[in-house]
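In structure tokens below, several structures.
Same chain, two partners: chain A is paired with chain B first, then with chain C.
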Partner chain A sequence: MAETPMVNLTIEGLAVQVAAGTTILEAAKTAGVLIPHYCYHPSLPVAGVCRMCLVEVEKAPKLLPSCATTVAEGQVVHVYSEQALEARKGVLELLLINHPLDCPICDQSGECELQDYTFAEGRQDSRYREPKRFDPVEDFGGDVMYVGNRCILCTRCVRFMEDVHKDPVIEVQDRGDRARIGKAPDNDLTQAWAANVVDLCPVGALLSKDFLNKARAWELDRTASVCNGCSQGCNIVVETRDNVIMRYKPRANDDVNKHFMCDEGRLNYAWLNRPDRITWPQAAGAVTGWEGALASAATALKGKKAYVVVNPSLSNETLYALKQLIAKSGGAGYFSVVQGPEAPLPGVADLAVRADRAANATGAELLGFTRSASPLAKLTASDVLVLVDVQLSDADKAAAAKAAAVVVIGTALPQEIAGAAAVLPMTNYVEEDGTFTNLRGRVQRYLQAKATTGAARPAWYILSDLLSALGEKSEYFTASAAFDALAKAEPAFAGLSYDTLGLRGATIQGAQVTA
Partner chain B sequence: MSGHTDAPYEPVFVGKRRAELDELLTRYPTKQAALLPALWIVQEERGWLPEAGMTEVAAVLGLTAAYVKGVVTFYTMYKQHPTGTHFIQVCTTSPCLCAGADKVVDAFLEHTGCKELGLTSPDGKYTVIEVECLGACGFATPVQINLDYVENVTPEKVPTILAGLK
Partner chain C sequence: MAIKVKEVERPISEVSYLRATVSGLALTLKHMFDPHKVTTQYPEQRWDLSPRWRGTHRMLTTEDGKAKCVACGLCPTVCPANCIKLVPGEDEDGNRYPLVFEIDEFRCIFCGYCQEVCPEEAIHVGRHYENAEYSRDRFVYDLARLTSQTHAVCEMWDPADPKGE
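Moving on to the complex of A and B:
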């Protein structure tokens, strides 16, 4: 492949070298200069309609929209020249003519680009004295609500539905000062990825109905994580307030999910806030401390085969510790994966809601667990059943009764398992650090977003203690040490560590990179 | 938008109208390009463009209803509401206004019984609107009634003009 020629230019006095064909706006980002913009978005086609990214380029006869102008050799760009600032101030004044300025009751407040740029570059007040236009709030269906008064008609949502989702169900309607975004009746935004228009909207015009009036943007704590809804492994931000998850937002990763996440994943967080958790370790139905419960589990397991049934959304670290338990006892590990319809996002290669509605089936398979529709089928009366974060079906419950003993490691108690030798409370995935392996073999980290309830511990930590109680030397005290042990023992994970994974992940040895 | 949920919608593009559309489609490189004339066919047939009509056009041209609605709402000559049998458009652009077009508008409203601009008279016969330049400034004030022009209209002539309408 021929090397892309590089272009040298100056932006705000800084020397910048970028590949030919780059836009001035993107080139400025590499120099750490964020040119204000609304309609431009890196994952959407360029429209050039908002005029907010106007910059002065020496020798050009007029100001140029930096989102739609490619760099040229020797170009000298002034982002903050008097002329450019004056032009953008004018753009902002016009955008605000019909804007209701209702920031105090607007969900977008605090993460609103109209607010930010008006603070940075706008006028102090408006010269507009006429009545403002009024558009009623409209329910767009799905999770999306449209507040027309706040809309600045950047058309990001229209371009997303048209060019990325390939289902143009919203359009600019009417024209001139009456223009607004509209949909046709009975044509709701219920597509699998439609709620991304809420993230794309730079102002408070498109809002999530789920998040409506729930929290202010500045009250939220944000933690990098990975969605565990399916095997795609979209990078996300978990946003919490006072230890309660308020919403998920997609986190940009060009190798996995661009800037997007599906609606199903986005709205699948409420179960992580459940209060009906196992909070304290139990042995034979009585609440004990950790030591008593672990001793009870170790006694039950001693000399018996561990028949392990896992949730395929457990971390690699936990699955590796379980693999050690299985290897030590000569047992076996099984999992079943909930299936759902596959729903691709047509405009992005290799991005879909995957049929496997679990985050780490790939990791489970790599670590020797067997996929099975009836994971308890091979259980015998001499086995000790170890259930890790699974809920049993009625048929499974009947099968489970066969086991010599049952050890439950879980977040919520499976019903009718009151006779378990030990019940060990574990954290759910937003309460611990860990990694998932997605369907393309990409290992991605997720970080702890909230504190757990009661005495729950990460499952790999519980298993490390249990293995020690069984006489195995398996001691790791941090998730990264657990991962290091895994990377050392498993050839597929060789060379990986939390440092090399970073927050965007890395693929395992021999992984198939794309479909 | 429109609260006109009258009788169930009968498709327009059947028989002769379908043949007309098929002929139209041969003249354009893509189906989408025939959107404007296809909308005209529905408007001719129904007198206006109900939402079900936009949905039908979207279906026959392989577009989404939202896209068709975007186009319909952009152009002012597509009617989004039913109008009276006689659709009266009075030019009120500057030269006509100087020649007293506002008085002509008032006269039409008074003699047709229309309560205000854009509303249909109670007998369902008339709708009066103001329009921008009809291109007949030399004959101010021109009025377009359905497809016909009436020129040099003054308030005094309005009753006679209305009486002459069938």
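Moving on to the complex of A and C:
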């Protein structure tokens, strides 16, 4: 690859060196200067329509839009010069002419770029005295609602649907002060990735119907996580209020999902708030403490083969502990993966809702579990069935009755397993720390976003205790230590740790990086 | 060792209790006929409260009796005592409306920030001080109670002189 020539310039008195071809706006970001902007978005083509990113460049005849101007050698850029501030103040005043200022009832309030930049650089009052334009609220279909009054016509949504989703169903309709975002007739925003327009909208014009009037942006606690809806492993932010998940938002990761996530994953959080959880460890149908239930599970497993059926959305740490359990007892591990239609996002390379609707099928395969459509087929009467966070189909229920004993580690109790030797409540994935391996072999961390219900513990912690009860030396007390043990034992994960993974993940040894 | 008690010679005016008793009775008698009264005869007589008096809250309503609140969440955000509980939701028309709006008047420090921050002029602190209840939980005022109260509300500032000059 040819070396990209570097360019030196000065932004707000700071010396900056960036690759040739970078825009002034991106160069300023590297210097820690955020130039206000609306229509520019790093994952969309440049439009240059909002005029909010105007900056003063020495020796240029007039102000330049920094999102559309590439850097040049020796350029001197003034972001906060009197002329640039005056121009941006004028842009803001014009944007606010028809903006309704209904911030108290607007869901974007608190994370609105119009609020932020008006507060930073705008006028304190409006000189406009005429009545404001009125556009009715329109349902765009899917999860999207359009509040025309609030729109500032930055066209981020139009460019997303046209250039990234390649399904241009929305456009700017009418001209001048009547311009608004319009939808092609009979075309709802029901495409697989359409709800990203809600995140892209810098104001409250495009809103999520699911999140409508549910919470204020500043009340939410945000935790970095990974979506477990499919094997793509999009990076997300889990947003909670009072220990209840309110919504998912995509988290930027240029190696996986850019700034996007699919609608299916975005709305796939309600089950994590479910109240009907197993809250207390049970042994033979009676509620016991952890010690009694673990002892009961250990007694059932002692000397028998463990036939392990797992949910392919379990963490690498849990699957590794199960692998140790299988290795000790000479058993086997199986999983089945729910399949769904694959839905790619055409404008981004290697980004799709994957057919495997589970987060960690790759990790399960790497750790020696066998993919099978009927995971209980090979169960024999001498095996102890260990079910980890799986719901059984009717055919599987009949097969499960064959086992010598059943140990359930799960979040919600399937009624048919009432006679299990031990039922051990585990946390679901937003209640624990862990890692998933996506289909390209990228190991990504997710962090605990909410407290768990009852006495539930992370599955790797339960299994660590269970292995200790069976005489195996397996003691770790943090997810990080569990992952270190995994990295030490498995060559594929060699050299990885929570520190090296960071929040963007790292690829395992010998992984196929692209499709 | 014998204990000695010191005997004090007092003037005759201080020896008897009679003189003090009579002078006390004389003062009482004097007040009976004195026209200058200090005691306010509560509850028949009441003080005039300042227009800026900040007492227990009241939620103002629209003409059709619904609370003006749009559940914007500014009052629980600004409240320094964290005494306002708000769960936003929608009313039957799909407009933003509080599903739960509760003020714990025991926690409230009556700073009046909620009234000052409210963009809809819905929540107000009241010119009111008679708050006795038979149980502690009655001091958590819910939306129905806040809207049904009728006492006058705080003016915060003089409309003729908003800057206090």
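Here is the rule we use: the second predicted complex is superposed on the first by the 515 of 515 C-alpha atoms of A that agree within 3 Å, B and C clash if a C-alpha of one lies under 4 Å from a C-alpha of the other, contacts with A are read in each partner's own complex, and residues count from 1 in each chain.
Here is the rule we go by: contacts are C-beta pairs under 8 Å (C-beta built on N, C-alpha and C of every residue); 3 or more make two chains touch, one makes a residue touch a chain.
Keep in mind that what you see is a predicted model, and the values were worked out from it rather than measured.
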item	value
Partner chain in contact with A:214 - chain B first, chain C second, else both or neither	second
Chain B versus chain C as contact partner of A:174, first or second or both or neither	first
Residues of chain A touched, compared between chain B and chain C (which is higher)	B
Chain B versus chain C as contact partner of A:397, first or second or both or neither	neither
Partner chain(s) touched by A:185 [first = chain B, second = chain C, both, neither]	first
Partner chain(s) touched by A:305 [first = chain B, second = chain C, both, neither]	neither
Residues on chain B engaged by chain A in the complex (per definition of touch)	51, 54-55, 58, 64-70, 73-74
Residue ranges of chain A touching chain B (in the complex, touch as defined)	167-175, 182-187
Contact footprint of chain A on chain C as seen in their complex	70-74, 77, 88-90, 95-96, 119-120
Chain C contact footprint on chain A (complex, rising order)	103-105, 109, 212-216, 218-219
